[in-house]
Amino acid sequence: MIRKPLLVVNFKAYPTSHGQKALEMAKAAFHVSNQVETEIILVPPHTEIYRISQVYSQTYGQPPDISGQGAYTGRVSLEMIVSAGAKGVLINHSEKKIPYNMLVQMISNAKRYGLKTIVCAETPVEAKAIALAEPDYIAIEPPELIGTGIPVSKAKPEIITQSIDAVSKINPSIPVLAGAGITNGDDAYTAIQLGAAGVLVASAVMKHKEPQSKLNELATALSSSWAKKTPIQ
Amino acid sequence: MIRKPLLVVNFKAYPTSHGQKALEMAKAAFHVSNQVETEIILVPPHTEIYRISQVYSQTYGQPPDISGQGAYTGRVSLEMIVSAGAKGVLINHSEKKIPYNMLVQMISNAKRYGLKTIVCAETPVEAKAIALAEPDYIAIEPPELIGTGIPVSKAKPEIITQSIDAVSKINPSIPVLAGAGITNGDDAYTAIQLGAAGVLVASAVMKHKEPQSKLNELATALSSSWAKKTPIQ
Amino acid sequence: MIRKPLLVVNFKAYPTSHGQKALEMAKAAFHVSNQVETEIILVPPHTEIYRISQVYSQTYGQPPDISGQGAYTGRVSLEMIVSAGAKGVLINHSEKKIPYNMLVQMISNAKRYGLKTIVCAETPVEAKAIALAEPDYIAIEPPELIGTGIPVSKAKPEIITQSIDAVSKINPSIPVLAGAGITNGDDAYTAIQLGAAGVLVASAVMKHKEPQSKLNELATALSSSWAKKTPIQ
Amino acid sequence: MIRKPLLVVNFKAYPTSHGQKALEMAKAAFHVSNQVETEIILVPPHTEIYRISQVYSQTYGQPPDISGQGAYTGRVSLEMIVSAGAKGVLINHSEKKIPYNMLVQMISNAKRYGLKTIVCAETPVEAKAIALAEPDYIAIEPPELIGTGIPVSKAKPEIITQSIDAVSKINPSIPVLAGAGITNGDDAYTAIQLGAAGVLVASAVMKHKEPQSKLNELATALSSSWAKKTPIQ
């Protein structure tokens, strides 16, 4: 059972995802996670894993290519992500979906390297199928809401609850995160109340003028919702 | 006109392309290039550009994705490669070929960012077409010889000379490098005598037990062949 | 419950997959299926669906592209496959794997159009995940055996039995076919005895000098094994 | 030198691209091309090549896959397009761009099979590079105008004239077609006056309520503009 809610920040390939802006995000995450009872996970692009992981411990890699190691130019293997210092990896995102059999293999390889896995799903049935492959986390993201600012926790709360149900039928110990359209503290608060273990965000933070204050808002809402939900534990 | 021959080392995604092995390669390149009149360019994978460029100046990026910046997960933009510290970029490799119009756009963007471009071609006619797009270097690599240890400079010397001719009809100031199957000093020596400005290697160095001695062998042969070829300059 | 074993022939993109050779295959299938108690399903390439379905009823389409209908050039939609006269579609083949969420969508669309679905899986866990999406058939094919002539029914019989077990835990009414390396009547016979409802073949028939006699051999073995297995029904 | 202007209709994957609607288009093209001095070329999807080519002679294939013949499932080879009855092939469309070296190979293979090639380009420099590979026709289509109804012949006439110049520097005998946003007779008329040998359309015809009258409008305008342009020939 996880102790704190999760706030996963996917940097994607936004102009703020690399260089100085990316480093500032890492510092902000460091600051916020020291003050709020929320675990912040940063997911910078491949070129920044090394640099960010030097200053922020909970750095995960964006999805590697499925080709693996060998004579491949311009591709990134899971092993490179490990070497660069990542603690985990975000895979099967709707912007880099992979076939199921390769997903199973990648989760298995990640475990062998001691990497945590956050696996994205778009629907309850996909979440259920992914649960069979035993990842560390499943993030449910209806792709039609990604980047819209329409939060899944309000527009389609049943997607979250149905996904949690579907996953728990296979393996109740896999925490489910909610993504897509999460924009503010309210959205994050609601996600936890619906049963999610955290949220996955991208544009809400990466395209915000003051990313640190947005991080703080989301982390605080998650922590506060979590406290209300599990008062006895 | 370039002053020294070029030795371009494509790390690909070999097990030696990342982590400690990659750093050792950078140190070896630093050492050899300080002693031999050959310019060594290292092309590590995306995750290693930052780390390698900290210790070795002539670090180029492997090909980025063509999607550019934005809401893309698990892709690498040209801008990330710049941010990570690369001085140039190797593109259109046979393991990551891109359509011609995107190649033109990428060369143009690279120039805007001050990045050098090495563009791979497989045939003289492709080399000619690429010359129209004005890259900094063109590397001719018959894909059927890549990784074979059968050097293009011996098996198909006419591919090199025809490519140099084709390129020079469009723009005689673009240096042409020879790749594919270059394994030892002899192969490298011959390439220069055929008119190449250097060589592009991968497995010969990356899969060698003593990469530094292989680097030294190739760099020395290039420099020696270069000296014989242009005695007056 | 199916009444007869299935022999599914994937034409792939072999030189014999189109034109006169493809038509001859259809005529051979017509002839054999009239004489043997085996259901033969032909899976020609997209360009041949119309022509083959005119002379052979049980014609299925090879996998369409996932883009659907719209402004796409050089792609094939499920709707085109329906229009061309197919009765079903073979999808998720290891040579055209698709992400799980798209597989779910494609099965659902196929049902809406009255198309049967044969969905390939590489491992028992993939077969189990696919069973959640309720296809008409699941074909288990370890990709390392495809085209080798080493039959899955002999080299890895446990893959077949484990897949049948895994599928039946989710939905026991989905028949499982065995593929990869099935070369002769013996291999086909064994597959049925292991619990398979039929076999999926490609090179064994398409690259054979006398495809009709090979079809006859396989169909006869399937029918004979089926009769031994279910004497009372 | 071509004798008549060309009207190339790319069916894409529109709902009207297959089945009864596609057949009606073929009949309309047959009717119009018998009455107007314009050569109409139809480019249906892969599944419809056979059926359309049975009733309309000038049927070309949409771009095949680059994998060629062999153990590929769900892909279409150039050989299949030939077998299905196509007289030519439309390749390198912005919706299915291929690397330059593969384009050269595909043009060469098409010639061997007696297939005509229409190769798309997005910019004058791409058109020039393609001219080096000696296709039968080059179609210039700025992708930002495709499907917009903003005709290239009005919005960016210089793209057409510069492309014609660029191509003629390499090989003046390659006719250049204009595409993207061509919606009505005026647009088509202007394209010819700018020096184009015809136009490439898709949505204007395929999404029109009365495709035959639209075909007639475009073909008539092309023929009339052609007559004004070359009165003596």
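By written order: A, B, C and D. Residues from 1 in each chain.
Rule of thumb we're sticking to: a contact is a pair of C-beta atoms (placed from the backbone, for glycine too) under 8 Å apart; a residue touches a chain by one contact, two chains touch by 3 or more.
Fair warning: this is a prediction, and the values are worked out from it, not measured in the lab.
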- Note on the structure: Taking each chain's centre as the mean of its CA atoms, the one lying farthest from the centre of chain D is chain A
- Task: Take the average of all CA coordinates in chain A, do the same for chain B, and state the distance between these two points in whole angstrom.
- Result: 36
- Item | Centre-to-centre distance between chain C and chain B (centres being mean Cα positions), rounded to whole Å | 46
- Message: Multi-chain contacts only, two chains or more: what residues does chain C have there?
- Response: none
- Message: Per the touch rule above, enumerate the chain pairs that touch, sorted by label.
- Response: A-B, A-C, B-D, C-D
- Message: Show me the residue ranges of chain B that touch chain D in the complex, using the header's touch definition.
- Response: 92, 97-104, 121-123, 125-126, 128-130, 132-133
- Interface residues, chain C side, partner chain D - complex: 10, 12-15, 17-19, 22, 45-51, 62-65, 67-77, 79-81, 83-84, 90, 93, 95-96, 146-147, 202-203
